[in-house]
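My questions all concern the structure below.
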């Protein structure tokens, strides 16, 4: 089977990195070769590279900056190995981008190489973020992201939550909103991602394949 | 009773100047005050006092004033002007204040073309702190921290602020003047008026550099000090216009 | 506005707008840059001014000017940038101007690092500026509390004509949390700003914003006047929270993110039958000295926990006045402990007391 590139984009703070880390583990469990590239040069905290050591133990490659940092690097120092992996096409790749248009600007330099490969672009949405809280705002964000990279978003991930204060109704309401976006844009909802306790309670009508999220970047006490 | 031929400008308070005999701060204050009054903007003007001999000029100007930290007057002026764009804002700064500790603030105020007016008084010495060398001190000039005369190998050459600021695209009006004789006093007033007019018309950053004297720290009589301005300062710091709004209009 | 998910830095920015902030002057620094970025996008929609200054030094002096001209002003930075602003903060305190300053703390000294830290405690509560002055300083522990205190801070700054600093560590700036921006906060009765330089317009005598008093008697009078103000703040503005104090054999003193970790540690200890309380200072200046008089008799010792090598510790010692034994637990440089490390520090201390 052909290797794929999964590009994770969206509004910042929508949960891209938590999803990317969990998604990498899921692909690995399906016995696929996985390389996670953390392209977030905008955020200084809560980046998927913080999970480098535990992911490597699971056999998942992690590339980010030239210093292979885990925490504390303020400089972009984008690793040239990222382009290498995209070109060599030896593994499935997850490109975990920074938030908003600013966060995906870095993708532009890989535009030609990505276009030639089999790729998906997933836009993560938490409808409880003020700047993606309505159908129009989500579509506006989608258009802005697509304009920046020149490629089309191929699927939505509904990651709507209030962290520990989430209720099932919150997720159901978010699903209604995102369904409308999906109908208007003709882009499918690929996953509905949430903590296990919420996934178990979800009614059948909620769109998207169930995706259990185990928070790894955010510690229990936070 | 005869006609009044000379009176205190309304732009000045009734407080007597506290400056040394022969110091030109008094003349410069008066010119600024007259211009503000004549332009009809006195009641909406906000001035900024620096650190230096004119630190207490909030006592002398008859308008709202703020006293700023050393060198930071252009930043303080920026803060005021940005929240009160309809007021007239000027800073009054010496050469230690503007050309040494406050270079970043003056450069960036010019660079943003803040719509403010800067009165820059250059007397080639630190008057307040006791006659130390300034960045504008002339080569060979003796001060308490250049006791053998300023040596360019040690302290570099005197900085020319007007020329430097005129290279900044945002600078709208820059002129250097002197008040060593009545003719030059009248020319200086025209420059001050032009600077404030530039601000009133919303055209951006204006600065007038005054070549000034410091008889006490130079160790000269007031008249000798003015002669020294003419014979030594002006040859190094040529008077004239370095940037004008008309020139910018032409280039647009 | 209902509850939304926001990142700390952007929630703080929005809270400032809601608090009536009309001008922001700042300079980029990690980990607070999303705050000015948010205001750059939104400030003009609320009739406010956003300006990126050439330096932190310039920014705080722009704050001085704008505040002196009567506007509600904010600046934000992180530790090394706050160090640069100290000169201006001293002038603002001296000239009795209101200003709100947000400090999203990172590790130091020097350039230090960009991860969360509480190593600015002394910089915040004692200041790096010259002279007899203090700033009102709050150290909230979650986004809701942070947002509320920022909205209130503008009133407090106006009321006391004094700088108010909000000190949060980088984690609070960077994390996501549900927050309601429209929770009502106490409003103060504010006098008119008749001292502001807005032009006389022929209606009054000129006013002067100033911190210069060359006559020592005048400066002493001014300093005593400021001291009276600080006394009033100490009386009225101490803010703190007690958690689980009933029958506590030990009290942990911790604020901000450290207090959140301590909360988790308290749960673990409770399950093991160990009763430990938490005193969480919310105002760090004035430090909640009143709280130390309210400890129950069961308390046999105090454990101070900080994301530093021990700075608030000195205030705890002053308030304790030699009464109870005090231990310290701290991680620093951007290292954040797990609750289990605090559990161990508690057990070590209790073991030592027996």
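Chains here go by letter, A, B and C, matching the order in which they are written, and residues are numbered from 1 within each.
By definition in this document, a residue touches a chain if its C-beta (ideal position, glycine included) is under 8 Å from a C-beta of that chain, and two chains touch if they have at least 3 such contacts.
A quick note: this is a predicted structure, and the numbers were derived from the prediction, not measured.
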- What pattern do the touching chains form: line, ring, star, complete or other? line
- Does B-C or A-C have more contacting C-beta pairs? B-C
- Middle chain, criterion being Cα centroid separation: C
- What is the distance, in whole Å, between the centres of chain A and chain B, each centre taken as the mean of its C-alpha atoms? 58
- CA centroids of chain B and chain C: separation to the nearest Å works out as 40
- Distance-wise, how many Å sit between the C-alpha centres of chain A and chain C, to the nearest whole number? 35
- Message: For a test of understanding, state which residues of chain C touch chain B in their complex under the given definition.
- Response: 22-23, 25, 49, 51, 53-55, 57-59, 61-71, 73, 87-88, 91, 95, 197-202, 206-212, 214
- Message: Residue numbers of chain B touching chain C in their complex, please.
- Response: 13, 42-46, 48-49, 55-56, 58, 61-69, 72, 75-80, 82-84, 87, 104-105, 107-108, 111
- Query: How about chain C: which of its residues touch chain A in the complex?
  - Reply: 3-7, 30-31, 113-116, 170-171, 174-178, 260-261, 263-264, 334, 338-339
- Item | Footprint of chain C on chain A - complex, ascending | 12-13, 43-46, 71-72, 74, 126, 128-130, 133, 161-163, 165, 218-222
